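For reference, the structures are reproduced in the following blocks.
Same chain, two partners: subunit A is paired with subunit B first, then with subunit C.
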Partner chain A sequence: MRTALPKRIDGGNLAVETRGLTKRFGDQVALNDVSLQVPDGAVYLLVGPNGAGKSTTLKVLLDLVRTDQGTAEVFGLNCRDRAPEVRANIGYVPERPDWGYGWMHVGRLLKHQALYYPTWDVDYAARLAQKFELRMDRKMGVLSKGQARRVHLTMALAHRPSLLLLDEPTDGLDPLMRDETLGVIADHLADSPTTVMLSTHHVEEVERLADHIGVLRNGALRAQMSRADLDAGLRRYRVEVPEQWPGAPSLNGAVLRRVTSAREVQWTVWGEEADVIQKLTAAGGTVREVVPLSLLDATLALLNPND
Partner chain B sequence: MLISLDPQDTRPIYVQIVDEVRRALVLGTLGADQPLPSVRDLAVQLRVNPNTVSQAYRDLERQGMVYVRRGQGTYASPGQQGGPERRILADGVADRALHDARRNGLSVDELVAAIRNHDTQRSSEESQ
Partner chain C sequence: MTSTQLHPTPDTRVVAAEQFRAVGLAVRTEAYFYIGALLAIAILVFASTIRMMHVHPSSNVNNGFVYGAGGAVPIFAMALLIPFGVWRSEDPSRRSYHWTMPVARGPHTIIKFLCGWAWVMIATVVYLVFVGILAAGLSLITGAPDRVAAGPGWEWVAAFTATTIGYLLTSVAVIGSDHAWRWIGGLFIAFWVLVGVSSSFGLPDMSLALQSIWNGAYGLKTALFGLEYRRGWTMGSWPVAMPLWIIGSAIAVAIVSYRHRE
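Now for the complex of A and B:
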């Protein structure tokens, strides 16, 4: 018997819900039947390799990409039919901050942005600009990737939106500014009730902020769960086995990864710990170690099972 | 009181925060009726989700280690420096040591003997 990886988050109010999102660009499938549930107030980490569909998913919520099939809702509003209202509630940091406005000075862009958002907090914007060391007299077009990213973070946070969509928010930032940014996000969460969807390649950086995770690969959702469920359900077992061991017993769980040597086997298994240990012991193995995984290791196991 | 997290530690973060506060209570770096950092300050300092800090503080309150003054903050309960907290702390250390012993295929007796032996050696080195 195999325990399937959870693909649905149940219970509570949802900030974001998508049903069966499917999108093709030519013959390439960008999204394949993606159904996400993001609870209200969650910091939801969207992980996956390049081209997995993370950015496309975020853009669907903003109605910047329209799907071939499926629907998306943000706080109960349909993202296509009610796009302006939905966008008014969202702070967005795009993956490539190179849209237009290259001729505008940073200071003017911030003032321009403030006009669109009734909830824009001028003092907060000034504090963020100071923390991010923004130079108001520089033109957007000449900024480095990291500098532009900081302008976008300021614009996304300053109107205190109910939903933040951060696409690679720390990409291009130096280690010091990356650390500062994580502090700013933690500070923001303590201050304003916000749901965050965050995509990143640097899982270890945001490990302490994320409380939910969705794993995308080739446009399809492989797993989706809370951190608490992930922490409880995923373990690495190191097992000493007798020589000439006939092989793996049927484990009461989903084996994600297996590394084998002559007398030792290491399994990464999704399933009830007691069940898995019992099966391993009954088959003649001696369980030497059971460890929970870091979020990075868990992500790799979920993304790239080798069993 | 100083709270820091070990990046190598894979236990849930709220558990690590609870343990850090417990250690501070036992060591006396957090005295009776002294305030803990605010949820916000600790979240920013550790770069963790404020909900995680709240969860840790709720857990500490439930265990009676801290109390909440409405609108003011969280404070260390008096009388937490003694027996029970020390024992829980010792349990944690024992658990980690046992875990390591099992991983290395050592029995409890071997572990205990090694600890005693090591301790004796070290104190005799120090006295020289």
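Now for the complex of A and C:
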């Protein structure tokens, strides 16, 4: 039976590949031997608590942060040695809202951005600006977090990059604009062949977009897999158990989350469903229900420290 | 590997032209202040000259002034401030936008630095033209001969080299540090404290060595304006000191520009 969480995605062309990324900021380990594989065309959701290393990973791809060990490649290009070419293919929405020139008007900043990206699509930029209700005559420095985020999204999407790095793209947006923004990203993906690496705390919002997931905790990669593998391998089992039930030792290592109430337990277990049911039954339990998890619940289970 | 078609990087000339325009926009505030100050000076000089001519019609109000190297002090002071405009709201900890552009980081920083320098040179030309117009205007009003260009040519060149040195020195701090003012102020204070302490504690050699950084044969003051004497300026070792300071500070700018900040 499979008990170890998968940490490698095999097969197909890779848009992003990192090998053993390790980065320390003083005593703090930001990344610890992180090896990611992001398939070409995937929407890869990078999840983890604050300080898990999500933003640092994205910054390594842009050569904003240089690792102590390990290498990163985007479309086969080394992110450090061929950084300008890598960045020419990336649309980036950073976490911080003060990105860009605070003293510049929105319209002028978009023009500035356009000159740096030969593939800038003027009509598309205009459509995005209209959709996001951007006010071209306002200075970047006076925009709210949500308004700045919409400008950043326009800057990231309008040159139709091959790779989108979105670091909390809906942070600061009101619910309506969040929905609108995710719709724009979905339309963009339908329209342009793009690989997306997405970091967000609002996992439930991107459930319909993400087809791969990578889980970081304390700078280390805990798991990465496709959504299909996640959906097939992670289930919640509601089990009726006898009093003084000793548990199911044969499932040690596969149980990610345990909730116990009286004579019933709910275990979130990684493994093939038939195997898990057989082991639970052999241990004296009666499986009453097997429930597939939402992306948010799966994420919470994968982040659970009870491993 | 991937089958994705890769996008091209921008043409360096396009980047340079855009940076020139963007830096021009960034230093607009300084430019307005500078033009306003020049106009105020012109109005003050003309008004006081006209008034003096009315109050003392028989006096020799103005025999026409000769431009000297020290005349570059105002534009030099301006050049010291320009890097703060060029890198407005872009100290290293907030420079990630500049660094995420599809251009190599070191050369990109140098391009922006050079665009700022080009604007400093334009401002210097404007300043010297202003000095020429001021002299011509005074000559017209007073009837005295226009002698502004009577001095040696190197003193006009010194306006460009002094502003270049000033721009370079401040750029080192602004490009390299989040706390440029602290570095500039700290170094200035530390320098003069050391000079004072070495004099007070009977260390004349150390005091002289320190002071020579400012006003020695190859000191900063000499590199900027030549040697000062009682009635004006003389070239002294300016032809050597000036390139030495330019090369030294240019190397420092290159080092901070190519350093990888995170």
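Here is the rule we go by: the second predicted complex is superposed on the first by the 296 of 307 C-alpha atoms of A that agree within 3 Å, B and C clash if a C-alpha of one lies under 4 Å from a C-alpha of the other, contacts with A are read in each partner's own complex, and residues count from 1 in each chain.
As a working rule, a residue touches a chain if its C-beta (ideal position, glycine included) is under 8 Å from a C-beta of that chain, and two chains touch if they have at least 3 such contacts.
All of these numbers come straight from a predicted model, not from anything done at the bench.
**Student:** Please determine whether it is subunit B or subunit C that touches the greater number of subunit A residues.
**Tutor:** C
**Student:** Of the two partner chains, subunit B (first) and subunit C (second), which one does A:141 touch, if any: first, second, both, or neither?
**Tutor:** After superposing on A, A:141 lies in contact with subunit C but is clear of subunit B.
**Student:** Considering only touches as defined above, state whether A:76 meets subunit B (first), subunit C (second), both or neither.
**Tutor:** The second partner, subunit C, only.
**Student:** Once the structures are superposed on A, label A:162 by its partner contacts, choosing first (subunit B), second (subunit C), both or neither.
**Tutor:** A:162: touches subunit C, not subunit B.
**Student:** May I ask you to decide whether A:238 touches subunit B, subunit C, both, or neither, giving the answer as first, second, both or neither?
**Tutor:** first
**Student:** Which of the two partners, first being subunit B and second being subunit C, lies in contact with A:294: first, second, both, or neither?
**Tutor:** In the superposition, A:294 touches subunit B alone.
**Student:** Subunit A touches which residues of subunit B in the complex?
**Tutor:** Those in contact with subunit A are residues 5, 7, 10-13, 39-40, 43-52, 99, 102-103, 105.
**Student:** Which stretch or stretches of subunit A touch subunit C in the complex?
**Tutor:** Touch residues, subunit A against subunit C: 13-15, 40, 59, 62-66, 75-77, 83-85, 87-90, 92, 94, 96, 98-104, 108, 112, 115-119, 141, 159, 161-162, 193, 195.
**Student:** Quick one: in the complex, what on subunit C touches subunit A?
**Tutor:** 1-11, 14-15, 18, 22, 25-26, 88-90, 94, 96-97, 99-105, 260, 262
**Student:** Which of the residues in subunit A come into contact with subunit B in the complex?
**Tutor:** Against subunit B, subunit A makes touches at 41, 43, 179, 182-183, 186-187, 189-191, 204, 208-211, 227-228, 231, 238, 240, 288-289, 291-294.
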